[in-house]
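Paired with subunit B in one complex and with subunit C in the other, subunit A is shared by the two complexes that follow.
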Partner chain A sequence: MIAPLVEVKNIHKRFSGVYALSDVSLSIAPGEIRCLAGENGCGKSSLIKTIAGVYQPDEGQIILNGQMYDNLRPIDAIHEGIQVIYQDFSLFPNLTVAENLAINSQLEQGRKLVNWADMERTAQSALAHIKVDIPLRSRVETLSVANRQLVAIARALLHNAKLVIMDEPTTALTHNEVDSLFEVISELKSEGIATLFVSHKLREVLDISEKLTILRNGRKVSEGETNEYDEASITYHMTGRHISGNQFTFDATDDEIPLLSVDKLGREGAFENVSFNLSSGEIIGITGLLGSGRTEVALTLFGIHPANSGRMLIDGREVLIDSVDAALKAGIAYVPEDRLIEGLFLERSIGDNIIVSILDRIKDRMKFIDFKKASSIIETWIDTLKIATPNSENPAQSLSGGNQQRVVLAKWLAAESRIFILNGPTVGVDVGSKLEIHTRLRELASNGAGIIIMSDDMPEVVQNCNRVFVMHKGQIIREYKDDFVEDQLISEIENLK
Partner chain B sequence: MKILSNSPIKLPKTKDNNLNRLIIISIVIFVLMAILNPGKFITMRNFRSMSYSFPELGLLSLGLTICMITGGIDLSIVGTANLTSILAAKLMVEAMPENPTSAIIALYIFLAVGVAFIFGIIAGLINGYLVSTFHIHPVLVTLGTWQVFSGIAIIITRGYAIPNLPKPFLFVGNGRFLGLAMPLYIFLALAIVVAVLLRKTQFGRSIYFIGTNATAARFAGIRVRKMLMRAYVSSALLASTAGLLMISRTNQAKADYGRSYILQAVLVNLLAGVNWHGGFGRVIGVAIAVVTLQFLSSGFNMLRFNNFARDFTWGVFLISIMIFNHLMNERKNRLEADIAGAKSVE
Partner chain C sequence: MRKLLKTHESYIAVILIVFSLIVGIINPKFFSIGNLFGLLKSTVVTGIFALGVLLVLISGEIDISFPAIGVVSMYITGTVFEAIDFSGPTILAFLFSGGIGVLLGLINAAVISTFRLPTLIVSLGTLSAYSGFVLTFIDTRIINRLSEPVVVYSKLAFFRRTMESGQIAELHFSFFVYLALAALTALILRYTIIGRGVYALGGDRQATKRAGFSIKKIEYFIYCYVGLLAGLAGIIHSAHVRNANPFDLVGGELNVIAATVLGGAIIGGGRGTVHGTLLGVMLITVINNSLILMGIPSYWQRFTTGFVLLIAVAIPQIGSVKSIRTPRRVRS
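Let's turn to the complex of A and B:
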C-alpha cells in the first residue's frame, strides 16, 4: 500500500467549549480524489483549516508525507505541498493574470525590479500545466468566476502542490464550467496530485470523487468508496434523517383573476416582451443561463429598475411599480440572490431585521415607533418560522445560514406580502435547511401567496414549481407546464450555451 | 441546532460596554483635573463657565452624530454655523433701522433666526444632494462645502467681525434662567429632541439601517435618498443653532470662528462610541463625551497649559482614541470569531 500523503488521526477541535471536530481521522493517498461532504457547519471547514495549519487541533495527530507535526503552521503545510483554494480564491482582482500567478516567484527571487518577460513565462507554463488558456494580461476582476478559479488552481500548482483542497469550488459555476473543472481535477490526478473536494452538492460528489468522507456535527459518520453510495444514502448520512422530495402540484381554477399579470414587460438593454400570469397558490420558476435577464426581471418587478414598456396587473388592476416603496405597498417581496449583502443587516438585531420594512406601519398616534407592537410582531415570526435563537436582540450574524434566510422571509411576511420573488433562494444552504425553505415556500403558497423562484438549481426548480419559464437573452423562450421531465429542461438549457 | 439551543450564545452587549467605559473615562478625567487644580476646578465659577461653553460643541457634535450614523460625516458644520450666523448678524446689525423700538428689535431677531435656519436647510440640502445623488464620499463633499460656505462667509464679511448685536439677542448666549446658563437649556432640549428622533421615529431607525448596510436598506424599501437628505439637513440645522449661540455668546459674528470645533466634534463622537462606519451611536454617549472633553479643556486652561499646544493636544487625543477603539474592536472581533467558530458546529 502506498504511504498516505496526509494522515490526521483522532482530531479534536473545540471553540469556546463546543466541539467543531470530535475524533475525526482522515487519510488521503497521493493522486486520490477525495470528497468531503456534509451540511454547513458540520466541521468541513474546520477540518481543512486543521490540515492547512490554520487551526491547531486540541488533540490528535497530523502526519504529512510521513512527517509528524505537533504544531503545524500554515507555512509548514505549504512546504509539504498542501494548497487550499478558498471560496474567494484569494486573488488580487486589480492585478493581471500573469502578476497573480508569478508574484510569489518574483518575490522569492528578491528582485528590486520586475522582470515582465520572466513573469509571463512563469504564468504561461502554470496555465499550460492544467491545459487552459486565459489571456495573461487581463485583469483578474474582469475574468469569469470559472476562470478565476482556474487561475487559483494554476497558482496552487506553482507551489508544487501535492494536495489541492477546494472549498465548495462549484458554487458559482455553470454546468459546463463544472465539467471543465472536473477535467482539470482528472488531469491533476494523472500527475499524482491529490484533490480534496469539499461540497454539499450530491451529484457532483458522486460524479467526481473516488472516495467519500461524510461529516455530521463535527464527527465522521461515514467513509468509503464513492460507488457504494447514492444520493439518498449521502443525504441520510449528512442530515441523519431520510429526506424524500415530492413534486409540488397546483390545481388551477379557470375563471380566476390572476394574482399577478405581467404583460409585455420590457426594460431597455435588459429584457423585452416578458409576459406571464401568477395565480394565488402557485409557485413558478424562471430559469436560464447567467445573464439571461432573469435577475433584471426580478429587479424590475420589485421596482428597483422600473420597466420602460409593458404593464403589471395585481388582482386584475393595473399597478405602477416605479420604486421599491410602490412594490412593497403592492405586496411584492423580493429575497435577493446574495442574502448576506442585499437582504440582511448582519450587525443589527434579529428583531430589527424583521421589522425593517414595516417601520411606517408600527407607529403610534404620536408618529413614534411603537416598540410594544414591534416586539410582539418579532416574537410572532420567530415562533412561526422557528428561528433558532435564544434572544431576538442578538445580531443576525449570530445565526446559521438557514436561520438567516428565515429572518429574511420573516421580514417579508411581517410586511404582509402576497407575491414573493426569490432569487436563488437556497444558494449556499445545506440540504436540511434547503428542505425547510422549500417546505416554507409551499406553506406560503398554500396560504394564498404567489411565488416566483429564480434559480439555476434545476432539481429545485423542477421539484418546487408547477410551471417553469426558460429565459434566454432577455426573453422568455419556453414554458414548461404540468408534467415535464427534468432532463428535458436541463438539456434545453445546456443547448443554449 | 441542538447545541445552539442548549448553550445560548449571546454576543457581549458592546454598546453598553462603550457607555460604561465612557463614564469611567469621564470620572477619571474629572477627578484628575480636580486634583491637579485644587480649589479651582470644583468651583461654582468653573461649572458655570463650562456650562456656557460646551453647548456649542455639543450641538455641532450631535449633528455630526446623525451623519455618522448614516455611515457618512459632515465636516461642513462649522462652515454652516458661521455662514448662517453671519447672515443673521448682518440682518440684525446692518439692516436694523435707527433707534428701533423693542418690537422692531424683536421682529428683526425673529427674522434673523429664521434666515439662519432657512440657509441652514439649504446648506443641508446641498450636502445631502451631493452625497446621495452623486455618490461622492461624504468626507470629500463636506470638505468641499465647508470651504464653499466659509468662502461665502469671508466674502460677505471681508474678513471683519460683525459686532454689537442687539442686547436682547445676547441673552440667549449669556443669560441665566433659574440660575442655570441659557445655552445649557438649549443643548439639553435639543439633545432630547435628537435622542427621540433617533430612537423613536421612522427617520431615526431608518438611518441606523442605512448606516449598517445601505444596499440592504434599499432592498427593504427604505427611501435612502430622502433619509440621507434629512440627515444632512438635521445636521445643518443643529449647526445653525450652534452658530446663533456662538454669535450671541461672543457678541460678534466672524467668518473664521471655531475652526477647531470640527476636529473636536469628531473627537466627541469617537469618544462617544459612535461608529465611524455607521449604524451605531447614541445621544447619551455624545452628551457625556462632550462634557468630558469640556472637563479636559477647562482643566488644561487652569493649568496654564500652553495655548499653542492646544491643537497638538486635541490631535494626539484623537489619534489615541482611534487606536483605543481599534484595539477594543479587535478584541470584540476575536470574541465573535470564537462564537462563530462555536456556531459552525451547530
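Let's turn to the complex of A and C:
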C-alpha cells in the first residue's frame, strides 16, 4: 500500500452554525484520478478549500505527505504540492501567456527586475510539459476558455504539483476540448501527479475517474472504484432520490395549424434555408456542433439578429420579427445560454426580475406600477415554480444556479409567452435541478406552449424532445422523429466532427 | 506590421499627423520651428502628470488629486526657498518639491490601502484637503520672486536661434526632463516586478494576490510615484510661468486624464503604454494650441477640444462594438 498523498480525517466545518462539512474523510494516493461529485451546495467547494488551506476545519485532521497540519495555510498546501485550479482560473486577462505562466516563479525568486528571456523559457517548458502549443505572446483574454484552462493547468504544474484540484473544469468546454483535457489528466497520471476532479456531470465522472467520492449535504455518502457505479447509482447518491428518465412524447393532431412555422429562414453568414414547424404542446430540439449555427437561429427567432430571407408564421399568420420587441409582442421568449449574464439582473430582487418584462401590463391608471398586482404575480410564480427563497426581495444572485434558471422561466411565463426558445437550458446545472427544469418544460408544453431546446447535451435532447433537428454548417441536415434511436443521433453528431 | 497598425497608439499617431497637416495647411506658421518648440514645451507639465495618471489607470483606479499635490509641492518649495533666499543647486529645488509630492502620495496610499477605498473617492477628498491646506496654513499670495536656481532653470534651453521675424526659437530643457521621466516610467512598467504588478493588479486583483504579489506594496509604490511626478511637474510648471501661484493647476486634472485615455489607457485598468500616453498628451496639446492658430474663438475651443476627444476615443470603440454585434462564425 502506497502512503497517501492527502489524507483528511473526520473533517467538520460550520459556517454560522450550519454544517458545510460534517465528518468527511478522504484519502488520495499519488497519481490517482479522483472525482468528487455532488450537487451544488453539497460541500465540494468547502472540502477542496479545506485541503488547499483556505478554510480551517473546526474539527478533524489534515495530513499531507505524511505531515500532520494543525493550522494549514495556503502557502503550506502549495509547498506540499497541492494546486487548485479555480473556476475563474485566476489568470491575468491583460497579460501574455508567458507572463501568466511565469510571473509566479519570478516572484518566488525574489527578483526585483523582470527577466523576459527567462520568463519565456519557463513558460515554454511549462506548456511543453502538458504537450500543448499556445502562442506565448498572445494575451490571455484572446484565448478560448479551453486554452485558458490549459494555461492555468500548466501554471499549476510549475510549482512541482503532486495533486491538481480542478473545480468544475469542464463547464465551459466543448466535447473535443473535454477530450483533450482528459488526455492532459492522463498525462499527469503517468507522471505520478494526482488529480482531484470536481464535477456533477455524470458521463465525465464515469469517463475519467478511477475512484469516486460522492458528497450530499456536507456528508460523504458513497465512495469506491468508479467502475462499480453507473449513472443511475451516482444520481441516486447525489440526490438521495431515484430519478428515472422517461421519454417525452407528443401526440400530433394532423389538421392543426402549427403554433410556429419557420419557412426557409436565412441570415447571411450564419445559416440558411431553415424550415420547421412547432405545434402547441410540442418540445423540439435543435442540436449540432459548436458553430453549427444553432445559437444564431435562436437569436434570429428572438429578433436579436433579424433574418435576411424566409418568413415566420405564428398561428398561420405571417409575422415580422425584426427586433426583440416584436418577438416579445408575438409571444416568443428566449432563455439564453448563459443565464447569469444574459437573462437576469443579478443584483436586483427576485421579484423585480420576474416582473421586468411585464411592467406595461401592471401599470395603474396613473401609469405607476401597481405593487399589489406585482406582488401577487411574483408570489404566484415563486409558488408555481417552487423557487427556493425565503423572500422575493432577496437579490437574484442569492439563489443557486437552478433556482436562478427558474426565475428566468418565471419571467417569461409571467409575460404569457407561448413560444419558448431555450439555449443550453441546463448548462452548469446539477442533476437534481436539471430534472426540475425538464419537468417545468414539460409542464409548460402540456399547458399549450411550444418549446425549442438548443442543446449539445444529447441525453437531454433525446429524452425531452419529440423531434430533433441536426444542424451543420448553418443548415438543418436531418430530422429525427418520434421513436428514434439515441445512439444513431449521437453517432451522427460524432461523425460531423 | 498589420498588427502594429491596428494598435491604439498607431491610430492616435495617425490622427495626430492628419490633424497637424490640416492645421498646417490652414496656417503654415504651425510648422515653424518656433511653434513646434513651443508645443513641445507645452506638453511637459501635462505629460509628467499624465505619466502618473497612466500608472493609476493601469492599476484600475482613477486619481484626481495629482494637481493638488503638484501645487502644494511647488508652492511650499517656492515659499521656503524664498524665505531662506536659497541659492544652491537647482536639483535641490527639484528634490524638495518631488519629496513633498512623495509625502503627499504616501498619505493617499495609506488611506487607500488601509481602508481599501476606491482611489477616486480618496483623491476627491485629498484634492481639496491638500490645496485647502496650502491656502489656509501657508499663504494665498502669488510668489513672483522665485529663488535663484529655479530662475536659472527657467532660462535653460537648447537649439536657440533667431527667426526671420526677430522672435527667438528655443527648445526648453524641461522637454528632456519629461522624456527622461517617460523613459524611466516605461522601464519600470516593463522591466520591474513591481511594474508588472501594476498591470497584474489592473487585470485581476484576486489573481494578483494569489500569484504572491503584495498589493499593499504595489499601491504604495503607485501613489508615491504619482506624488513624485506631480511634485516635479509642479516645480517645472512654476519655472515655466516664473511664479508660484497657489490657485494654479487644480482644475486641469480632467484634461490630463483625457490625454492619458486618448493615449490608450483604459479606465477599467490593465492596459496602457507610455508611448501611447506621450502621443495622447501631444494630441491634446496640439488641439488646444492650434485652435488659436486657426483663429477659432476661445469659447469654441473648449467645445472643439471636447468634441475631438469624443471622436478620437469613439472611433476605435465603434470598430470593436461592430465585431461583437455581427454574427460570429465560431470555429467548429
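To be clear about the criterion, the second predicted complex is superposed on the first by the 491 of 497 C-alpha atoms of A that agree within 3 Å, B and C clash if a C-alpha of one lies under 4 Å from a C-alpha of the other, contacts with A are read in each partner's own complex, and residues count from 1 in each chain.
One rule holds for everything that comes next: a contact is a pair of C-beta atoms (placed from the backbone, for glycine too) under 8 Å apart; a residue touches a chain by one contact, two chains touch by 3 or more.
For clarity, every value in this text was computed on a predicted model and none was experimentally measured.
Contacts of A:Asn495 after superposition on the shared chain: neither subunit B nor subunit C is touched. In the superposed model, A:Ser46 lies in contact with subunit B only, and not with subunit C. Legend: residue contacts after superposition of the two complexes on their common chain; A:Thr249 is shown touching neither subunit B nor subunit C. Of the two partner chains placed around the shared chain by superposition, subunit C is the only one that A:Glu108 touches, whereas subunit B remains out of contact. Of the two partner chains, neither subunit B nor subunit C is touched by A:Ser190. Note on subunit A: of its two partners subunit C and subunit B, the one contacting more of its residues is B. Touch criterion met: A:Tyr334 reaches subunit B, while subunit C stays clear of it. Of the two partner chains placed by superposition, only subunit C is touched by A:Leu91; subunit B is not. Once both structures are placed on chain A, no subunit A residue is touched by subunit B and, in the other complex, by subunit C. For subunit B in complex with subunit A, the residues that touch the partner chain are 1, 3-5, 7-11, 196, 200-202, 205-206, 208-209, 212-213, 215-223, 279-280, 336, 338-346. Against subunit A, the residues of subunit C that register as touching in their complex are 190-196, 199-200, 202-204, 206-208, 210-213, 269-271, 326-327, 329-332.
If you check the complex, the residues on subunit A that touch subunit B are 15-20, 40-41, 43, 45-46, 217-218, 302, 304, 324-325, 327-328, 334, 336, 341-348, 352, 356-357, 359-360, 363, 367-369, 388, 390-391, 394-395, 397-398, 400, 411, 415.
Of all the residues in subunit A, the ones that touch subunit C in their complex are 88, 90-95, 99, 103-104, 106-108, 111-114, 116, 267, 269-270, 289-292, 296, 299, 305, 473.
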